[in-house]
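Each chain gets a letter, A, B, C and D, in the order it is written, and its residues are counted from 1.
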Amino acid sequence: GAGACAKSEDSDTPAAGGAPASAGAQVVQSAAPGAATCTLEQFGGSKVDLKTAKIGFSQSEKEANPFRIAETQSIKDEAAKLGIPTGNLLTTNANSQFNKQISDVEQMIDSGVRLLVIAPLNSDGWDSVFAKAAAKKVPIITIDRKINATPCRDYLTFIGSNFEEQGKRAADKLAAALGNKGQVAILLGAPGNNVTTLRTKGFKDQIAKVAPDIKLVFEQTGQFSREEGQKVTEQLLQSKSDINGIYAENDEMGLGAEVALKGAGKKAGDVKIVSIDGTKGAVQGIADGWFSAVIESNPRFGPLAFQTATKFFNGEPIPADIIISDREYDESNAKTDLASAY
Amino acid sequence: MTTETVAIRPRLKNWLPAYGVYAAIVLLVLYNVAFTPNFLAWSNLRIQLIQVAPVVIVALGMALVIGTEGIDLSVGSVMALAAALIPLYLGYGVLAAILVSLLAGVLVGLVNGTLVARVGLQPIVATLALFVGGRGLALVISGGRLKDIRNDDLIFLGSGDFLGLPMLVWIAALLVLVVAFVVRRTVFGRRLLAIGGNRPATELAGVPVKRVLITVYVLCSVLASIAGLLAVARIQSSDASAVGLLIELSAITAVVVGGTPLTGGRVRVLGTVAGALLMQLVVATMIKHNLPSSSTEMVQAAIILIAVYAARERKSR
Amino acid sequence: MALLEVLDVSKEFPGVRALDGVSFTLRPGEVHALVGENGAGKSTLIKVLTGVHQPDGGELRYRDEPARFATPMDAQRAGISTIYQEVNLIPLMSVAHNLFLGREPRTRLGLLDEARMHREAGEILRRYGVTTDVRRQLGTLALGAQQMVALARAVMIDAKVVIMDEPTSSLEPREVETLFGVIRDLHAQGIGIVYVSHRLDELYRICDTVTILRDGRVVHTGELAALERIRLVSLMLGRDMSAVRREGFTGFAGEHATAADAAPVLEVTGLSSRRRLHDISFAVRPGEVVGLGGLLGAGRSETIKAIGGAYPVDSGRVAVGGRELKRPTTVRAVRAGIATQPEDRKAEGIVAGLSVRENIALAVLPRLSRFGLVSDRRIDEIVRTYMDRLQIKASGPDQRVGDLSGGNQQKVLLARLLATRPRILLLDEPTRGIDVGAKAEVQSLVDELAGEGLGVVLVSSDAEELIEGADRVVVLRDGAVVGELRGDDVTTEALLQTIAAAAEGETPDDH
Amino acid sequence: MTPIVSDPEAPAAAVAADVRRAERTDRVVGLVQRQGAPAVLIAVVLVAAASFPNFRSFDNAATVLVAAAPLALIALGMTFVIITGGIDLSVGSLYVLGGVVSAYASQWGLLPAFLAPLIVCGLVGVLNGILIAYTGMAPFIVTLAALLGARGLMRAISDEGSTTYLVRSDAFRRFGTGSFLGIGYPVWLVVAVFAVGMILLARTRFGHAVHAVGGSEDAAALMGIAVRRTKVRVYVLSGLLAGLAGAINAAKLGSGVTVLGIGLELDAIAAVVIGGTLLTGGAGTITGTIAGVLLLGVIQNMINQVGNVPSSYQQLISGAFLAVVVVAQTYLARLRRVT
């Protein structure tokens, strides 16, 4: 139950605004007291020295959007910082092909990695990987997307955001911006994607709860891409010209919507946009008045992932879920915190 | 043996293949007029035209290639390459950036054309290599990063108006006219069709077949790179990983639904435009009625089948 | 007693009534000739008999019972076996597999019995004079051998009726004799044979009965021996006998007037190409028709194509009017004035999907255009000129060439060649598979063109045509020149003797 | 006048020498060309084994094989289709659809988990086949429509792809992840299916009919081959194999993942072409296809062995590799053809 321990309302994360080096670093929300933990002993592996062991990182999608670029870079940077030789960090990229990711990871296990950091493309479908990893006692840390399996047996822990929670927070922000009424459109992510599913669920649930007067009149996939987001919004504006708010499940689609709104002659603020990710472009959009708010999904997993692994191999207990506290941007902090956007 | 009636009867029979796609458009428009609010508003029609323009431009090139009994899978990658190059050269001015991206199109076309015409690869295989590798190259060039475009001149091409019509639509319309003219009135056009009809015969007739084929692939790639730079201009950013994704399938669909046979020897330019428009209207209709993407895909499948079934050449055997 | 019979059968294709109330009877042990001009409906009748086409009206009776064949397989199972006009085998499959396709012997497990297939295939083919490795791809065999495989395939099954649509058009003389031997055998076994050919000599040699089709109707049927040759032709053409008698059988007039000392318009020197051509040299003077003789597979087609730039050569030179063609390609050859008419009209000649107009203009588009833009007026002019001159029968310049009859397709192809205003015409089997009328027209055209000073190279498997048409015959074998006949030596006997002598590797006797 | 006869000995001798040389070249070139893909595969494997110690490990080989299993099945079906001169673009979608259906059906046990996807995908294959064989529509277009339609269907039954059915049958799950002699069950299944496929293609009337239809459709019809039925059968076979591939993948992953299979049809075509099967139809080998599939897998494995090749370079390498192999194949084939 990741959702149980999330406290979402206040965004007073200890902003690291001053020091640019650590700008936007991930912060762990708070480990729920009494939640299940996992130790090296429970897991059943042996101690590994990260400085000499082979480590595998499996990226799911091409490093072609800010989130993925920042995520991969963060892992590599942290490894370098810890003095791990480049040859010891194997990285693979599944190019959005799930089967490739499975075989990528299996091949890394075969090649003797002692720790796996995985950014999964999909939450289900990891059976064969777990079987293989379990046989060799390789701990798996999944980042950004959770895998539907048993922690401490199938994998070690999950570090990341709570996507459903992100959807809820976006709903809160949009409801507030609209004064709890109006017509809202959802730009869905790629169909079948867990992120899409959870961000949609969280958003819809929360809207129903906090602002039942808001009508969800339109939901179409924008494939997480700017171009599709723009196209769909253009169609939307023609058939539902009285739309008041747009919830974009990532920043790119939100930015596409912004271009479409401009093209349709709308002024900044006519239609409120709320999106998720926290990229520079979207945060800048808040400053320009097009976006009402952006919920962050922090991709800088490197430090936390390696910290967790180190602790684990030192015998410390590791919580089953390490939920990071995503910040959020709105007009109050968009200008000042622009530097911590990625 | 052949009389006047003989010549006329097949023409009547050919009505459906030739004009079926237009009839389908009319039906769809009528449906929308009845059931979709605001459909006939100029702003809506305008959006449909803008959205269909890049597909039309790519499909024009595809139609030429298909006319030679070929196919070009690499068009999406060419769009990505063009998109990736633009921000790199925008510093030297819009014209420089446009020229460089068109040049990329020329180069890709030369590679494709050479593989098809000189090496003798099957077009689908020859262009598969650049379909895979081209986008990789684009991502290498762009460093994988999406770049915002702030150049007003370029953005004007994507979102500006000229005499009440979007620039995109002007450009697409102009290219349609040019391609139609090339196909109907030029030596190159006739040769292209002859190659599609019977390549060895055309070769023996002394037509420089290889040169014509290479030119066709170059034209197709150049049209794709134009579409790529217009896509950049329109979304005001360059995203080599997303631009032109799967457009080869849309383009082929437009060409075939428009009545151009995959077996070559014939090119229907206006039909291609209509094919693209039909598919655009289908998607728009589904979106406007807020139907899920699964049903959009199934309806598209059905329309492709119906259109091609109506247009198929009946084997008299 | 009739073996196979159709009564009042009609078949219509879009725009053409291919068969119009045709009745036809085949008796056991009869060799029945089916003749008619191109497009008369012979192939269509055969296809109706064998289940390829379903008749629009009329009745089909087989062994005195009404029959209906839905597919060629049905007909085959019933005992009707067919060799179609174009070799209809699978070039990429092995000889043995072609022979047994669809009725392969199987082992007890239901799998194909390859060993048995190869063994039997070898045995069967030997009877037809084909001794090749049966595992070879069929496409690598010479056309004649392929045709023999098709024949073996047709006769192999327990056939009651064997239908042959122009079986000899790609056979060499020796193979023709083998074929006739087979036909005599079948005849003796009481098997009915339908035999289609444009070669009248053959018909008179082996056929008992004849049915003549014209424009989809039967115009005559009866005993062949009783029908005078000239009357047969006049019935086929629908012209009176006197006209046929006046114009003769071939359209060739005789010797062409060429100045013996005129500079050659075409010089071929030492032409060699990997494996197929070896040091071929000859020259053609303006107004001269030089024949290329030899058996099938002798390399005549390759020679023609090599000169026309369509076949890669390793060494040798081709000069037109004294100017050498550097690195010959089809483009350069056409530009230098060489026009090539390929052997395979459908595959390499016409563009079936385009109109008569486009086909004729194809090679000369640059001349008929300005700045790359075509001028319809100029094209129409030239198209009209050639349609008139060659008497091309089409509903108009916009008709699809694929819809024309074979003879007219050939004329369209010739029109395309002539439109380039060539200095040299390379003709590979210009009259293959076209009917008597069209054949004579094409032949007299060749004469006429030579008379206008063109150099012509003529390849023909029809010895008569070669002898009457050519002033000189260069004989090839295995891709090399083995002899040359000139003047009075240009006779059928001399030709056959040269070929035969060369085949035995010795110089033929002086005579 | 005497017929002028050039010395008949000279050309005869030259011909004989020429022919001998030609035959020798033919044999060598022919062998390399027929076995081109296996030859390249062996070369690549040797290079990889020399460069990457880990490549040589048994585990790594087993992983590569298991990973290649679904593509292998799909490429097998594609081989049959391509030999008839057709193409099947719908296999990627059918693969995903098959996986989803299989995972769903696994609640009723192992057998339904295999049968349900076979039925569903086989039916789409029937539809493809009938449309292609009986209406004369181009295979490219029919199967392109099926690609869209099958994906739409898959999304429709999985709540727009957001519902992932988990595999409920333990036996089925064990089939996906278990192994015999250290090699996963899926690989054994694939080996068995390929053995059947080889027999089917080379030693049955159906296989000969497939070749005949691709070699010349008209001739095949005149020789009494049931052309249409043969075509329908190959598309059904292709659909069935795509469904089976989906099923074994679902068993391996333990769920009916919906985000798979984009572009898989092109991988399969590439594998078949690398294997030396002509896209024009009429000729092709299954050993070539196996080699083609494994080549793609090994190249990917090598990239992973290097360990940190950026994703964009990976695509670039794959594209370049594809071009090189196909061009090499074509030149070899051409050498052979000039006889």
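Convention: a contact is a pair of C-beta atoms (placed from the backbone, for glycine too) under 8 Å apart; a residue touches a chain by one contact, two chains touch by 3 or more.
The chain list, named the UniProt way, goes like this: B, D = Sugar ABC transporter permease; C = Sugar ABC transporter ATP-binding protein.
Since this is a predicted model, take the numbers as computed values, not measurements.
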Which chains lie in contact with each of subunit B and subunit D? A, C
What is the chain whose Cα centroid lies farthest from the Cα centroid of subunit B? C
State, to the nearest whole Å, the distance from the C-alpha centre of subunit C to the C-alpha centre of subunit D. 41
Per the C-alpha centroid definition, the whole-Å distance linking subunit A and subunit D comes out as 37
For the pair subunit A and subunit C, the C-alpha centroid-to-centroid distance in angstrom is 73
As a quick test, compute the distance in whole Å between the mean CA positions of subunit B and subunit C. 43
What positions in subunit A touch 2 or more of the other chains? 62-64, 191
Listed in rising order, subunit C residues that touch 2 or more other chains are 52
For subunit B, give me the residues that contact two or more of the other chains. 139, 144, 293-294
Which of the chains touch, listed as pairs? A-B, A-D, B-C, B-D, C-D
Residues of subunit C defined as touching subunit B within the complex: 13-16, 39, 52-53, 215, 308, 310, 330-331, 333-335, 340, 342, 347-354, 358, 361-363, 365-366, 369, 372-374, 393-396, 398-399, 403, 405, 416, 420
Listed in rising order, the residues of subunit D that touch subunit C in the complex are 1-6, 8-9, 11-12, 14-15, 18-19, 22, 199, 203-205, 208-209, 211-212, 214-216, 218-226, 282-283, 338-339
Okay, in this complex, where on subunit A does subunit B touch? 62-66, 69, 191, 217-221, 223, 225-228, 230-232, 234-239, 241, 252, 255-256, 259, 262-264, 281
Complex contacts: residues of subunit A adjacent to subunit D: 59, 62-64, 86-87, 89-93, 95-100, 102-104, 106-108, 110-112, 121-128, 131-132, 190-194, 196-197, 200
Of all residues in subunit D, which touch subunit B in the complex? 87, 131, 135-138, 140-142, 144-149, 151-156, 160, 266, 269-270, 273, 279-280, 310-320, 322-323, 326-327, 330-331, 334
